[in-house]
Amino acid sequence: MRILITGFEAFNGSRINPSAKIVEQFHEEQFLNHIIHKVILPVDNNTAGQVVTKKMEELKPEIVLLLGEASLRPVISLEKVAINWMDYRIADNSGNQIADQKIDEKAPDAYFSSLPIHKIYHQILESKIPVEISLSAGAFLCNQVFFTSLHYLKKKNSSTICGFIHVPPLPEQVVEKNITSPSMSLELSLEAIVIALRTCIHTLESTSSNH
Amino acid sequence: MRILITGFEAFNGSRINPSAKIVEQFHEEQFLNHIIHKVILPVDNNTAGQVVTKKMEELKPEIVLLLGEASLRPVISLEKVAINWMDYRIADNSGNQIADQKIDEKAPDAYFSSLPIHKIYHQILESKIPVEISLSAGAFLCNQVFFTSLHYLKKKNSSTICGFIHVPPLPEQVVEKNITSPSMSLELSLEAIVIALRTCIHTLESTSSNH
Amino acid sequence: MRILITGFEAFNGSRINPSAKIVEQFHEEQFLNHIIHKVILPVDNNTAGQVVTKKMEELKPEIVLLLGEASLRPVISLEKVAINWMDYRIADNSGNQIADQKIDEKAPDAYFSSLPIHKIYHQILESKIPVEISLSAGAFLCNQVFFTSLHYLKKKNSSTICGFIHVPPLPEQVVEKNITSPSMSLELSLEAIVIALRTCIHTLESTSSNH
Amino acid sequence: MRILITGFEAFNGSRINPSAKIVEQFHEEQFLNHIIHKVILPVDNNTAGQVVTKKMEELKPEIVLLLGEASLRPVISLEKVAINWMDYRIADNSGNQIADQKIDEKAPDAYFSSLPIHKIYHQILESKIPVEISLSAGAFLCNQVFFTSLHYLKKKNSSTICGFIHVPPLPEQVVEKNITSPSMSLELSLEAIVIALRTCIHTLESTSSNH
């Protein structure tokens, strides 16, 4: 199988983004005998969605796993829903701050993740890693890339599964910002993402072997 | 030097206590050429204070580092003050639930930690570990053991330095309780405690070498 | 115009529900020369949606304003999106606890509120009442009634506007539950709801006068 | 009896301080046949303590009730303990930002409130107002005025009772700061303070009638 995994570059004054750090850890472009393609997305309203859909066009991956940072959440967040809406609380890295606007005027209001998030949830819990199913990926670039990807796949009538997972900040980011807020170690977040990916692969393999 | 480091047994339905796990990690009874004595304290109104003061009596340590778990705090908490008050929100492991009562009717209202907590704070920050100076150790057994120890040392006119550090729950505890709340890995909490201990030793060494 | 306003009965061990209290305050069945119909909905998976759609069938209201309680939120929450999903953390008042299930297998994944929530947001802010646009109405009965109503109106191709607003608990509920958590006075929540309703009416009136 | 009640002027960019608003509500200088003196204190490291001790010197009040704003707390906070320490996270209104310093080098580490805070707690709860006993008044000017007052009374060997109560921000302040955080209406906070004062008076009256 071909797997596309994406993270975001740093934003909002931070020098690091845990989602990019996690993506970097997949240094061999191979995972359980499958090929992993990695992309670090720009935090930019105009280009982020294009970069990911162009990659999907090019690679035709069976699995698309999008990662991002959720700055105040204490646990791994498996996102349930992507919404057709932008309402940025802060500007993106190019200075754009979009308010109350649809991502695509002709698209539906929202799409559910097509990853097996309930299975992933239970697999991560079994490994003793704090995790939740989240009902909002926000209205910034994480949600935008999530929605754009699902809408692209829908239009293509694709069977590719695609979803978004938010990870907490790294401990060093909490120190950098000098706030008293939750964090998660890179090791633990990475372990959760590996479990998520493995669960996606197993689900697709067992589905195809049923035919 | 002789160092006494204490943690607590598990309580409130949890099967583990990160403070006990940290204490266990000091498996060799030696640390930077100093001797470490370890005690796991009971979560019991009647005995916890006695166990720690008896150990101090017996060992005459130069440093007393008391550890405990703070169930909802996201960062390492260096406690500034121990208060002469008990007001338990939950029962201890023996079923005692004390309300609005002094620990010692004849003792002062409070004592400040005698550890160099500002130095410790900056040392831990430099290692990129999330940390705060906390102004309340609660009114349960953590505070009680902290106050009892400082009062004992004061009465003895001792030069021993003594303080309390709260650590966040471990990730597996958050999973065990099935809540969305902060945690910190054992590795990171342990690293913070090692830094705290090293800073205490260096402070005492540089103080004594000045004489 | 005909206006349907709904609240929920008490649930989860509380004896009161602020949404029902607010609905009760509209004691005259008249509001700015418009007719208000009030319904208190059961916290019941099987009947809540039916009660509200039957009322819409019967009354043909131009505005449907659904209210509910959000137990830990400190401000008025204008809900942006209703999702086609149930995942109850607690049982409803009839003991049903639905996990990971669609509300309607044949319906879309989600609908946006059709109330002018950005206008409402700014009107409430101008009155100095704490308010936010919320991106999740949860996966319990509030969301279910919200989704069911929007789906019903969509199928009818109706021009009725419909949305959901969550209000914080009342101060007396925080006392009842003996927790340290946010609340809002009935007066302030009611004022926000009156502003929301007035904004809906004005929006429909100015829209129709444009034709 | 003579009662001194104090609040603080606005600080940290806010145009209002709920503690000053509450003090202003006691417009008649009379309360249950007792005389109320009101002072609004400056948020200034150098003068705040002096203003309050000078007033105590001048008035010889039997009751001193100090009020302040706690910016993120959702309930009325009856402060248990004042500590001999300053560690400002923000500068005061004169630009002073004190770090890690005792208020008075020769004073004890801390004093407990001498108000009957457990009685007050239960009286406020009975009136269905959210309230807690707080174990930290911070390390800014609220705590400083609290500590300075208790230390002054101790040195005078005075029988005056004195304590500090923190109130949540007003709803309009949350709007002003554009954050999603808790607030309490002026009416409710004021009611809690009236109950606190009445409980103090009754306690002193019943104590003196016992002699």
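By letter and in written order, the chains are A, B, C and D; residue numbering begins at 1 in each of them.
Everything below uses one rule, namely that a residue touches a chain if its C-beta (ideal position, glycine included) is under 8 Å from a C-beta of that chain, and two chains touch if they have at least 3 such contacts.
Being a predicted model, the structure only gives us computed values, none of them experimental.
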item	value
Separation of subunit D from subunit B in steps, with touching chains one step apart	1
Centroid comparison with subunit D (C-alpha atoms), farthest chain	A
Inter-centroid spacing, subunit D versus subunit C (mean Cα positions, whole Å)	39
Where subunit B and subunit C are represented by their mean Cα positions, the distance between them in whole Å	48
Interchain centroid distance [CA atoms averaged], subunit A/subunit C, Å	31
For subunit B, residues that touch 2 or more chains besides their own	none
Which chain pairs touch, all of them	A-B, A-C, B-D, C-D
Subunit A residues touching subunit B - in the complex, by the definition given at the top	73-75, 125, 128-132, 171-172, 174-175, 180-185, 187-188
For the subunit C and subunit A complex, residues of the former touching the latter	80-81, 83-85, 87, 100, 108-112, 118, 133, 135-136, 138-139
